[in-house]
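Before anything else, here is the set of structures, which you'll find just below.
Across the two complexes that follow, subunit A remains constant while its partner is subunit B and subsequently subunit C.
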Partner chain A sequence: MLSEREARDALRSWVASKAKPEASGRIDDATPLFADRYLTSVHVPELLLLLERLRGAPIDPERLGPGDFHDINTIVRRFCTPAPGRLPGG
Partner chain B sequence: MSGTDAASRLREAVASLDDTVDRLASLSRRNYHNPYEAAWPQAVDPEGSWYTTPELTSLYGTSVWDGLAEPARRRLSFFEAVNFFSLNIHGEKMLMAGLASRLYRPDLAGIADYLHHFLDEENKHSVYFGGFCRRYARIYRSRQVEFPGSPFTAEQDDFLFFAKTMIFEEIVDYFNARQAKDARLHPLARFINEYHHAEETRHLVFGRRLTARLWEVCAPAWGTEARESIREYLHAFVVMAWREYYNPDVYADSGFDDPWSLAERAWQAAPQQAHRRAAFTRCLGVLRAAGVFDKDPADAF
Partner chain C sequence: MPEAPATETDAKPRLAAAGLRWHPGLGQATLSGPLLRLAADCDRAFGILAGVFGAEEELHPAAVSAELLNRLDYFSSFPHQATFPASLDGDEDNLAAFAADPFGETGVRLTRLAPVRAVLTPAACYHIYAAREGEELAAPTYVTTVATCFRREASVEPLVRQWAFRMREVVCAGTAAEVRQFLDRARELADLLCRELSLPVDWEPATDSFFRPLTNPKFLLQKVAPTKEEAVFGGRVAIASVNLHHDHIGSAFRISRAGEAAHTGCLAFGLERWLYALSSSYGEDPADWPSVADAASCAVAAWNRT
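Let's look at the complex of A and B:
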């Protein structure tokens, strides 16, 4: 599993690549990614592939909800750290 | 934009398909198929046959493929087939839900007869896909997660449903059509591809005509910004649809270490990018001719 810093950088880079060029500068780690429509549901499978690669373990899609992807801070806390905030089995 | 205007446009678009719908419904009745009479082997040997055309596997053209002995290539081709059938199951589940929700809606009444055939045939396809996966392997998970709410209007959601269906089926049919003719494949894998291709041919005629007509009749009223949002969404959908063919779960079952990195390497490999572009050429032509796409979904290739 990558460090939290490496995972966060990879995630920022991926989100910026999916956002419109003029919008990518407005996205920070607390920006609501789906609520503000920088990402849509069609981006989720690719995001999950990225997160699984970063953490080196699968994520069960059946246990996910929109809140798990609210912003970069939430995603890192849920999926890329060994902290208690991480989804059990997720 | 009122709901009445939108319903009127949908009726107009659908009415122009009357002849096509009658012809396709007649063909469906003439070729009616019972999926419950298939003879399933007790077991299949993943390393004893090809289950996916080798040139269509997701590692073909990569250095990893070059380093595999033939039994390992066949084993990969087996799990690739399981993935292909699984992604069809997940896609058809969403398709059937969307078709069922549109059955007998007043503004789509003109295509109701054909929606019955479409729904019936998709269900039968899933009988075969599920039959294979559950007997000989498992159904791979889908990474698609639906969130509640849509940023689009109801009319735009109708268009997107039929456009996404066509895109999904065009990609699938590229594989089906080639694998139906590939004498190297295990007879069961070949049959499932052949049967699916025969029915998808009708669905694609319907999907291409309806998608083009809906765009022609409905999209002018949506405004430039909405049309651009729809294009961006569909570009992302194309990427998502193709990404499912590079499933780390397949590589793990085939015995590869670090399957996620392998999936990314395979996705980025130049021969695979060329393969996706070639496979998507026909669909791209349909979408460009209809005006839905004004440029290629570059991230997919």
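Let's look at the complex of A and C:
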């Protein structure tokens, strides 16, 4: 598993690469990624794969819940911090 | 559909005298008498709620273009629910072959089919979006419609889960903020109607019945960022829902608002499910049934006071 800092940087880069160029400058770690449509459903599978790579463990889609992908802060807290017992699929 | 097992509940026997006739092989219900009048009363009530938004009434045909639904990924998301109006290839020999032996133990013996270009609509609102293809909306647009909708189901239950059922919808197309405001208000109004009628409902986030859901990005997104909330009666039957489509439909149909793809959302009511909820709460004697339209008027008056 990457450090929290490394995971956060990787997520920021990935989100910036997927958002529309004119929008990427407006995204910070608390920006609602899907609710504000910076990301859409087509990005979900790739995000899951990225997170599995960053944390070095699979994610069970059945255990995903409301808000899990709300913003970068939430994603890092849910999936990229060393608390395996709280991780979906962990 | 004929193979679908029916789940027997108390709805069928207890409502037979009130006008419910169930077609078990088809998963459909016929309504007559007091029950049909209650259905009309419910629809009037929903129309009163739609009136709060000044929603324009539209009436659309039963079949919707398959090409339009394909644009919304309907077939990849819900292939198990699709019902197609099929017709025979008009070639005379093909028709003669069919006419000579049209029916057997397993049902109709189809010969060669004509190309299928339509679907029996699975929701009331699809026509509304298609009718506005390419439009630039100068203001938020509110429309209401009712339709008989078709969804093939693995199991059926009178008034609760049917192959064919009626759905009343109120649709808003506008900016993201306009649609969110509409959905907030729509949910409040639907909740007030339930309260006026003393129908116990819990509003719960919900997902649609996707095919192979865990591999469908749209389902996964509904799980992490819910776009659907249902009013669940008795812990199991959703009688109303509010649904946010973001700009998915606006983009597919090139409907724009304020220079961007329009956002859309809808409030939906399942008419038969309201009959189930009302008859479960008030009993099978029509004399005990409330006026749903009067309750809607009270709900709107209460909402105006807030």
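Note that the second predicted complex is superposed on the first by the 83 of 90 C-alpha atoms of A that agree within 3 Å, B and C clash if a C-alpha of one lies under 4 Å from a C-alpha of the other, contacts with A are read in each partner's own complex, and residues count from 1 in each chain.
Definition applied: a contact is a pair of C-beta atoms (placed from the backbone, for glycine too) under 8 Å apart; a residue touches a chain by one contact, two chains touch by 3 or more.
Keep in mind that what you see is a predicted model, and the values were worked out from it rather than measured.
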Contacts of A:Pro61 with subunit B and subunit C, given as first, second, both or neither: both
Touched partner set for A:Leu49, first subunit B, second subunit C, both or neither: first
Partner chain in contact with A:Ser41 - subunit B first, subunit C second, else both or neither: both
Touching partner for A:Trp14 - first (subunit B), second (subunit C), both, neither: neither
Touched partner set for A:Phe79, first subunit B, second subunit C, both or neither: neither
Touched partner set for A:His70, first subunit B, second subunit C, both or neither: second
On subunit A, the residue positions that both subunit B and subunit C contact, one per complex: 34, 37, 40-45, 48, 61-62, 64, 66
Residues of subunit A that touch subunit C when the two form their complex: 34-35, 37, 40-45, 48, 61-62, 64-70
Contact set on subunit C toward subunit A in their complex: 176, 205, 214, 217-218, 220-221, 223-226, 246-248
Parts of subunit B lying in touch with subunit A, wherever the complex brings them together: 141-148, 151, 232-233, 236-237, 239-240, 243-244, 248-249, 258, 260-261, 263-264
Subunit B-touching residues of subunit A, taken from the complex the two chains share: 18, 20, 34, 37, 40-46, 48-49, 52-53, 56, 58, 60-62, 64, 66
